[in-house]
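Pasting the structures in now, so scroll down.
The two complexes that follow have chain A in common; it is paired with chain B in the first and with chain C in the second.
Let's look at the complex of A and B:
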């Protein structure tokens, strides 16, 4: 057995999966940090992001990729903002259970809406498939390189925005204490809107990358969101770096595990890690933030 | 007033039931718990058409020893709960000794214990799940089970010269059935299964599973997969540079899979249960169907339903019109019987001994029958 490339490829696969999970988890954790609730409809932003691109590239628009992507991302951001405006804004002062149930309801609504529109069947952007580049026995396709590169760009962008800009500072202030932030003169409405837009953009980018790499179906969001939840919990809810690291841990762990245990238990790996972390660091699910 | 209405309706109902046997006494009644409403009603209608056709033919030829066959249809509403009610009604109210069970393996398996406990023969013309007939000796099926396909796949692998290969399968009842069928037969023939890799439905990333399957660059990989999962897998395998002969089951045999996977699906092969259509029996059936209904689009599993009526008739003729008689006579009545859907001999599990399994291959972006 040519062992080195075999394991190297597994690590690369793990990083690829991890990047996608991290993009999802970061958007999820951002909304949690600012608004203090878990947006169960995040998976639908992922899915709609991918479908918006499909819409823009299909007839009658038939836009080229470079024009369609910004349009799709813009529409995803708009959807995120609309979600907040229509549902979460009126519930801003509601308790967390209400928000949770509202988000789950919204998730079903958006998923079924997509099914109504495009049907439940699987779709593809229709790009010609190509063999990956080979390097040290590891194969990588252009899409996969793009996943890694764009994830890195997004992570850096979010970092700069969150820790180096005024907006990020306001977001962090809001996350610490909404009322205090408001009386300190922070325009909370604007900050919350920005958080939704960034979260939606991250979801849209992740969804599009994933769909470019594989296919589109109305359930693509939900399936991967569960992993993103696990990643968020591992990293500490509300913690951006934690989401990134959590995503990578899960991606790597489940892929490496596939080599040794029956792949039927692939999903279990992520959740076993999650449970262990929760037991070892019980404060991550309380209101205490870990950053 | 309400009470009066209730009494009247109860009495009228009783009257109906007590009168029914009077005018139906001459007929041989067979129950049919079919899906006439609900999610799979579109199938149920087709089954009914073919059952009616067979009954009409048999009655025109004098029925069973001069008695006419009468099918008592009962709507099973396409769900397991109402399937049980429908079967129970046929057994207790209509008192049929034999009935045609619901379509859908899970529906059928929900109702099978009821028939078994009441010692009434129940037959399936659609259920392919391996455990379909395990409720007991009164439960029969006349369609090959999933494992038959697995056996044929093992034979195909041998015919193509593959002696060592890994097996991937989708982690559900269908995948498990087929995997077990394949692995058992392949090992019996002397083949070596190098690895067994279950995978979950609806995932987007199967790269590491594929990597593991392709570890020693096997010449062939058995992949018992669905349309979407198969498309993702073949695509990802192609990107990874996996060069192997894929051997699949029937669930991947769909133009959609080829559309999604594009050139990565080229050359993929697999098995599927097929009914050989250029036999004398099939042609006669098709012509009769066309004559009665005006179109030649045979409903899915319609041919099996047609055979089911003839087999039951033979068993009644042989064993008499009692449940025990039919149960005991069925295997002998079916032995060597050539129906529309081929040889109907039962095996020891009251399933089909023989199965006509076809081979499909993707060629030039189209799914074709593989010719040796």
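Let's look at the complex of A and C:
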């Protein structure tokens, strides 16, 4: 094997995975910023987002892709809003540990519900795998190109939302200082609902892209939650651009690690990064926010 | 009456009752100052008026209407602004974004832009800093930004908690000049809670002395400044 293209391919694969992790991490960090807790059920939004698309495209609905994707994303957003309404809203004044346990419980519930419905087996959307484009010895399938393009569009969307729209600026204001946001006349309920919808949409898009690149299984949420969490830790929890960079770093680190260790241990890379950061900065999950 | 009034307010935190029936009134266009020792319940009174703490008894009236139970975000839409003590700007947002947040109750983005232009006329100090994060401003600049943010929707009443706390003397002057200017220009009512009693009373039309959760003395600003008891107890001799 020619070594330069091989390394280049590794970097491209890392960026590909990193883009998807960044979408997960930005959604996770958004809820942290606005509500000040880590939503450990975020992975289930990722997984259910992917399965909602599977549901819409499978019999008996058998919807075409252009109709199935908006439907699946809409349902993911609804699931996120329902999560807040049923569980997190009644616990708004609860302490972090309560919220953490509630989120983990919810995560188990949603994961098992998916397993009950679809079974534990690995599924795919059933798109045929197409020949990749080759350039400088690097191969990219049309699907992978689409993943990068869609991730970039989402990231631009997030930028426009948070820095150009009134709703997005209100979300940042709320994350900055909740009391002051209320005093300024910001309807916190509306802003929190919007944050859940955005966070769920990012999870849904990421989940679908991930399933497109690999496959669907009920465990995909948990694994990716850990990676998203590690990414937010790298970037500083609550920091949107930090989450983006963190996601890319995790994606690259995983794929570069495969050059040295067995691919079977790939998922461990994110765990190792997470453990190291938590050892150095344990207050992220236990104590009050860092900013 | 177009002003704001708190009648026999009883309020507190958990089991502790801080206010045992405090009453204040500010007529339209009046600058009213509430002074009193630490722990007398000044901030609690202001928060009760705005609805950040729900009074257990008593009533809050605005332009003759009972607004005791309205949430803060609704009071803002009626034309009442509150400027808290300490952390009163969004530090991670730019100065311009802070002003935009003050314009939240406005319906259209066009109105927000116009309001920003008008506010900048009145607060020229902020003009050069629009693009900087508000966290980079000095204490006095933050206080002016907080005032400007409240001013975005042209409130009829502004409630201010300790505007001079932690500010350099020059900035205290600046903030109080701004308060006087807004009051003179649009006859905005001010209810100011202040530790720096001498400064606040010097611009206030009227003042109250709050002690142990009840309003004890009410008089014009000038009279309070000359009141022997007030001098001895709250103005440092």
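To be clear about the criterion, the second predicted complex is superposed on the first by the 259 of 291 C-alpha atoms of A that agree within 3 Å, B and C clash if a C-alpha of one lies under 4 Å from a C-alpha of the other, contacts with A are read in each partner's own complex, and residues count from 1 in each chain.
Methods note: contacts are C-beta pairs under 8 Å (C-beta built on N, C-alpha and C of every residue); 3 or more make two chains touch, one makes a residue touch a chain.
Note that the coordinates shown come from a computational prediction; the quantities given were computed from them, not determined experimentally.
Once chain A of both complexes is superposed, is A:224 in touch with chain B (first), chain C (second), both, or neither?
first
Let me test your reading of the model: by the given contact rule, A:172 touches which partner, first (chain B), second (chain C), both or neither?
After superposing on A, A:172 lies in contact with chain C but is clear of chain B.
Is A:96 contacted by the first partner chain B, the second partner chain C, both or neither?
Once the two structures are laid over each other on A, A:96 reaches no partner at all.
Chain B or chain C: which reaches more residues on chain A?
B
So, A:164: does it touch chain B (first), chain C (second), both, or neither?
neither
Touch check for A:130: first (chain B), second (chain C), both, or neither?
Only chain B is touched by A:130; chain C is not.
With the two structures laid over each other on chain A, which partner does A:281 touch: chain B (first), chain C (second), both, or neither?
After superposing on A, A:281 lies clear of both chain B and chain C.
Chain B touches which residues of chain A in the complex?
Interface residues on chain A, with respect to chain B: 1, 6, 9-10, 13-14, 16-17, 121-122, 124, 128-132, 134, 139, 141, 144, 210, 213-215, 217, 219-220, 223-224, 255-256, 258-259, 262-264, 266-267.
Spell out the residues on chain C that touch chain A in their complex, using ranges where they run on.
It comes out as residues 50, 52, 71-73, 76-77, 82, 84, 87-93, 97, 100-102, 104-105, 109, 112, 149, 153.
In the complex of these two chains, what residues of chain B are touching chain A?
Going through chain B, the ones touching chain A are 171, 196-200, 202-205, 207-209, 211-212, 215-216, 227-228, 231-232, 235-236, 238-241, 256, 259-264.
Report the residues of chain A in contact with chain C in the complex, numbered from low to high.
166, 169-170, 172-173, 175-177, 179-188, 291
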